[in-house]
Each structure stands twice: as structure tokens, then as C-alpha cells.
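One structure is given here, and the rest of the page talks about it.
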Amino acid sequence: MTTTYNFAYLDEQTKRMIRRAILKAIAIPGYQVPFASREMPMPYGWGTGGVQVTAAILGPKDVLKVIDQGADDTTNAVSIRAFFARTANVAVTTRTVEATIIQTRHRVPEEALTADQILVYQVPIPEPLRFLEPRETETRTMHALSEYGLMHVKLYEDIARHGHIATAYAYPVEVAGRYVMDPSPIPKFDNPKMNQCPALQLFGAGREKRIYAVPPYTTVVSLDFEDYPFERNTFAHPCALCNATDSYLDEVVTDDKGGRMYVCSDTDHCEERRANGHRGNQLADAPLDAMPRIEAAE
Amino acid sequence: MTVPLLTAGGLTKRYGGINACAHISFTLDEGEVLAIVGESGSGKSTLLNILAGRMTPDAGDVRYRMRDGVVRNLADLGEAERRLLMRTDWGFVHQDASHGLRMNVSAGGNIGERLMAIGDRNYGDIRLSAADWLTRVEIDTDRMDHKPTTYSGGMRQRLQIARNLVTSPRLVFMDEPTGGLDVSVQARLLDLIRGLVADMGLAVVLVTHDLAVARLLSHRILVMKQGHVIETGLTDRVLDDPQAPYTQLLVSSVLAA
Amino acid sequence: MTLLNEPVLSVKGLTKGFTLHLHGGVQLPVVENAAFDLFAGECVVLGGPSGAGKSSILKMIYGNYLTGAGEIRMRHDGAMIDLASANTRTILAVRRRTMGYVSQFLRVIPRVATLDIVTEPALAAGLSSEEGRARAASILTLLNLPERLWSLPPSTFSGGEQQRVNIARGFAGNHSLLILDEPTASLDAVNRNAVLTLIEQRKAQGAAFLGIFHDQEMRERVADRIVDVSAFAPCVREAA
């Protein structure tokens, strides 16, 4: 006997509760709205926050893409995509340009997003001040009173210890000139994409029970010092498969002799480029269809 | 006629049936050091915490003349204002330095925090200020990037002082700043405090049970017993010509080395 | 500037007694109705036997002892004030700008260099750092304290050297009234002379001195007048 679920698993009252939290989050960009996170059929740490946000905003006509570290074909992405396919019977895709909702763990797609799209981030620890100030009572007061000196202490410590701001991911940002936010563990390479983005950006932390948002066309600035300004990291090599020089690369170990290659972390981006004729040095003479597209399950 | 910097009016605090502070009033001028002395249970620490806005009194008020010259009742300050005051114009030196420092942040970060909190955004400048202050409190600047967990008790206390003074506060509260330190370390620290108070024209409210510390550092003294002010006046006068029986008892009990 | 016909210090009806609460409240009367005046440019010495209350009178004037009754009128910032009823703020201001005190022994503040100790009152009087140090240096030189000692804290000095630091500190400000409580007791003849020179220099500049000197010779050389405080001995009242 097959169990029937409500559309997208959550009951309608829960969805309304989450939507209220989302609306409040959009009204106060960067502010962490507490919400009554539900028990989900996957454990904490596996994207329950992102899943609840997606479930609350999903409609029958939506096209859903799920990525994990930029890839559509890792375990997390495959499971969540299958989850929504089953509980919502909604169309799914791996192509960024086709999606209306993109749920992501730890990356922002390379393809520029449009005003018709929503990006849902999975967040482990929503509180950017947590590592230096363990008391929730204190961090709430600091946000309320805009007391963000401690955030710069963290960056100061980085420079003192490493000679540069060593934070490589989850790099703190200031949203709409008011709240300091943790953008989730995306590489700092992706931070500039958050700024003035036409798409709505939603953030869900299931275990910590917080939702926050960056509305479309909002100013998002990475924190830094005057004399140590925010720098987007660059890569020494282009993508080995599609030759892209401006995408975030993953390091892939190719053999047991220490061989490596660097490929786009965003699998869809890489495939699109290859489909358009771009070739990296690892593709060499391989024919175009040697790397099959990943077909999404219906 | 100069307006006092800090005015305490009728401060009262009870813990159940016990009077920690009973109708305590006094004023403090800019650049003046007031010692509050008493034995355990006298209420001196409670009084200090009320004055510093860390505790609300059951009755009475504390008024402070802000940098713009306006006298404000502490109870009327919004939380944001109060916290800003405590980070800029005030300092609080705890008896245990680890209560007044971020132990998992480097010494430079500890000193720089107040500067970063008021908007300083130049790493180089912040570091220069931190180095300057470490020198003033006689800590080797080589230790700037070390955490206070690696510091001795005396060094931690000096770091705490630097952290408090970096924004040139006008009023500093000190709760037994030399308590628990070795005698030789105490002497050095007291000396440092004396020098900084004189150089910076600080007003200080200093709680201590040690009359020698009071004599060395303070202009005026408040002697407390069981929540009441037993005697007050110029420090050298109260210690050399004590009038109240309890004060005479305190003074005569001091051991001479 | 100074009105020569008005005293810089005028003591009237000054009375003092100690109550020893720890000894059953025993009362020790010290002086009763002490009165005398001090004019600019002069040195008055308090005379009388030991225990007659000379030191107590000096301490009451300085504010170190509480006054039992009476007035201590003093010229401060151009006006006459009563120190016996003055508040602490006033007394502190008077000590900074008007009235100085030299005790018999140097109370040593640990670890501070001699030159800094002597410079401190000059700075409190409003001199710049350079001017203060220069003045401190000249006084120390006058008192024959060798320059090699100036950067050392005085705790290791001999009694006589410490006392000279004490005296130098007392003279480093711009005080127009200086109180000296047996300042030369531990000094040899050469240094007593040096102190005398200092006093005479300041007297010539208009400063007034009130002091206690046990050394007869010193007393005769320095005093313009001697006030015998045994005249102010309290009447002993028999218990009824």
C-alpha cells in the first residue's frame, strides 16, 4: 500500500506558518526569523531547512532543480529531487535556465539568475557571530543593536594569524546596510553573486530553526578592512573539461599517482559550455557525446 | 561651579531581608578617584555594580554627565545607549581578568575590539593602537597575537586595563583590580594604574578591601559596613584621623610589613 | 598681587581632640582655641614641648586631620576660604595650587623615579612636562642630590637622601603656603643650609611658611616669629 502525502509532504497549516516566516524574512532582509521547524524524513544536517522552505513555496507548475556543491548528481541532490518528485509530482530539471526554484547546498549557480527564479539555500549554522559569542541572548542583542564590532574581530584574527582574511566560505556579509548575515557555507567566490541579484534568495536552517532572506535587488556587501579589502579568489587553471576561466572549480583526483584535474563545480554550467563547443584540455579529442548529460528522473 | 561627573542618589538594594546598600549618595568629579572600602558583606561590590549600570537598584538613581555635557539618569538610557556608553566612555576592570577579556581572541584583537565596535575599519591603524597600548601597560608587543590564555595573571590584568582604556573613557570602575595577584605583581599594577589615572585624567570608582591600595590610588574614600556608609572624606584624612568606631577598627587592624 | 596687610593664613579658635572608640571611648584633647596669623613672605614656627599638639595643628591646616572646632581661613584663588569647613573638592584644589606639605619622612611610592616624584607636583600646578622636569632638576641640585640618582626610585636611598627628595617634592609646585613638619631632622649641616636657602628664596618670592623645627639653631635661623602652642593646651576637666 502506498502512502499518499499532501502536496510537497508538509500539511497546509505548516506551509502557511513557514510562508509567514518567509514574508517576515523578506520584510527584514538578513534578519534570522525563528520558525517551528518540523520533523522531516531526513535527519538534521541533510537539508531539512532548505527542504521545508522549498516545500512551502512549491507549486504544481514549478520546475525544481537541486544541487549539492554545485552538482546535480550527488547523493543529497538526487535524494531531495526524488523526494519532491514523489511528494509533489513536480517537474524537475538539471538546467539552471529551466528551473523556477533552485535548492542548493553550498554553492550559487554560475548562470546568472532571473527575476522569475528563487534560490533556496541550505544553512547549517545561521548565526555569523556564533563562533566568537556562544550565548544566543547576547547575539540576538548584538543584531538588534547593530553591534557588529565582534564580526570584524574575527576578520582581524584571520589577518593576524594568516596574513590575510582566511575565511574561504561562509564569509559574512552585510545586507541592505543593516543586518550581518551568514550566507551559508558557499565559497566567498560566490558572495558577489548575492549582491543585486534579480532572484529572491531564501535561507533555511532546519536544526537551528531559522529562516532568513535577501529580497531581489538588495545590496549585499562582504565585510572587510579598508586596507584588506574583500577579494574574490581566482584559479590558476581553467576548467579541464569546458575551459571556463571564471567559474568555481573542484579539484578531482584522477589516479593514485597524485594526478589531478580541475573541473567546474557547477555541473550544469560545464555541460552547457561543452554543448556550446567549449572544450578544455582534458577533453582533447574526445567526441562531444562522450560525456552524457545526466537525465533527470521523472 | 563644576557639575559632578557621576552622582549617586539614595541607592538602595536589598536581597530578601539583607540590606546590600542603604540610601547611598555621593558625587564624583572628573579626574577624581574614589575608593569604596569595606570587608566582605559590606555591599561594596553591589554598589559598584549598580553604579556601573550592571544591576538596577530598588530605590535611588545614578546620574552621569555625558560627553556632550548633558546629565542623564542611567535608568532612562535605552539599552543601545547604555551598551555604547559602557564600550566607549566607561571602563570596567574585573577582579578576575578572564571575566573582562575574550580569552579565545588574541591580545591585539581584545584591545582592538572596542575600536572596531565604534567603526574603525583600518587593520593597520587598529594594530598600531593595540601595539601602543600594549607598550603602555608594559606588555611586550611580541605577545600581541597570543591569546590571554597564555598570559600570566598580572599580564591578563594589564591587558584588561588596556582593553578598557583604548577608547579614552572618562570613568573607570575597578573591582579589586589587584586581588588574587602576587604581591610584587600587585605593586607594579598599582603603579601602572596610578600613572594611567594621572596621565589620562580618569575618574575611578575603586572597590577594595585593601586600605593600602586605597591610600595609594584614591583621593576620597567611602567606608562601608553592612550596606551603610560609615564614614567618608579625603582618603588620607579618613585613614589618619578616623572618626567612626568601625573605621578606627579597620585602620588599626592593618598589618604593617 | 599679595595684600601685605592681610594674612595668607588665619587660624581662630582651633580645637581638636581624639576619641579612641577602641579603648572605651577615651577622649584625648589636643589643643583648644589655637589662634595665630601668617603673612606672605614670613616663616612662623610652632614651638612648645613634645605632645603639645604642634603636628596636629599642621595636619588640621593641611586637611589631614579633621578640625574639632574653629576656623582655618586661607587665601586661595584670590579669596579667603575656611578650610575647616571646606568640602573635599576644595581641599584637593587647595593642595594642588595653594598649599604644600613637607613631612618628616618620605612616603615612598614604589618604582617611580626620583625625578618623576619631584616633577609631579609641578605638573599638578600646571607646568608643562619640560618646565616641571627642569624645576625638579634645579631643586634637586640645590639640595645636593647627585644626578645619577634622579632616574632611580628612592626606596634604596639613605634616610637623608630620601628626605631631600621629600623636600624637593614639597617645593616643586607653585604653592604660596608651605607647611613643614620637621623637614630637616635627618639632614646634616650642609643640607640643612641648602634647605634654608630654598626657604629664603621662596620667602623672597612671597611664599609663607609654617613649620616645626626641633633643632634650635635651625629654628632661630628660619623663624620670623615663634608661636608657642602650649598657650593652647586644653583645660583638663575633672570627671564629676
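For clarity, chains are labelled A, B and C in written order, and residue numbers in each chain start from 1.
Keep in mind that, in the parts below, a residue touches a chain if its C-beta (ideal position, glycine included) is under 8 Å from a C-beta of that chain, and two chains touch if they have at least 3 such contacts.
Since the structure is predicted, the reported quantities are computational estimates derived from the model, not experimental observations.
Visitor: Which chains sit in contact with both members of the pair subunit B and subunit C?
Guide: For subunit B paired with subunit C, there are no chains in contact with each.
Visitor: Of the other chains, whose C-alpha centre is the longest way from the centre of subunit C?
Guide: A
Visitor: I'd like to verify one number: the distance from the centre of subunit B to the centre of subunit C, where each centre is the average of its C-alpha atoms, in whole angstrom.
Guide: Their C-alpha centroids are separated by 32 Å.
Visitor: Return the distance between the CA-based centres of subunit A and subunit B, expressed in whole Å.
Guide: Chain centres of subunit A and subunit B, defined by C-alpha means, are spaced 48 Å apart.
Visitor: Would you mind pulling out the distance in Å between where the CA atoms of subunit A average out and where those of subunit C do?
Guide: 78
Visitor: Which residues, counting only subunit B, touch subunit C once they are in their complex?
Guide: Residue positions touching the partner: 29, 32, 187-188, 190-191, 194, 198, 216, 219-220, 233-234, 236-237, 240-241, 243-245, 248-249, 252.
Visitor: Quick one: which bits of subunit C touch subunit B in the complex? Just the residue numbers, please.
Guide: 18-22, 59, 63-66, 88-89, 91-92, 109-112, 120
Visitor: For the complex, which residues does subunit B have touching subunit A?
Guide: Touch list, subunit B to subunit A: 79-80, 83, 102, 104-106, 108-109, 112-114, 116-118, 121-124, 126-127, 144-145.
Visitor: List the residues on subunit A that touch subunit B in their complex, please.
Guide: Touching subunit B from subunit A are residues 132, 141, 145, 147-150, 152-153, 156-157, 159-161, 225-228.
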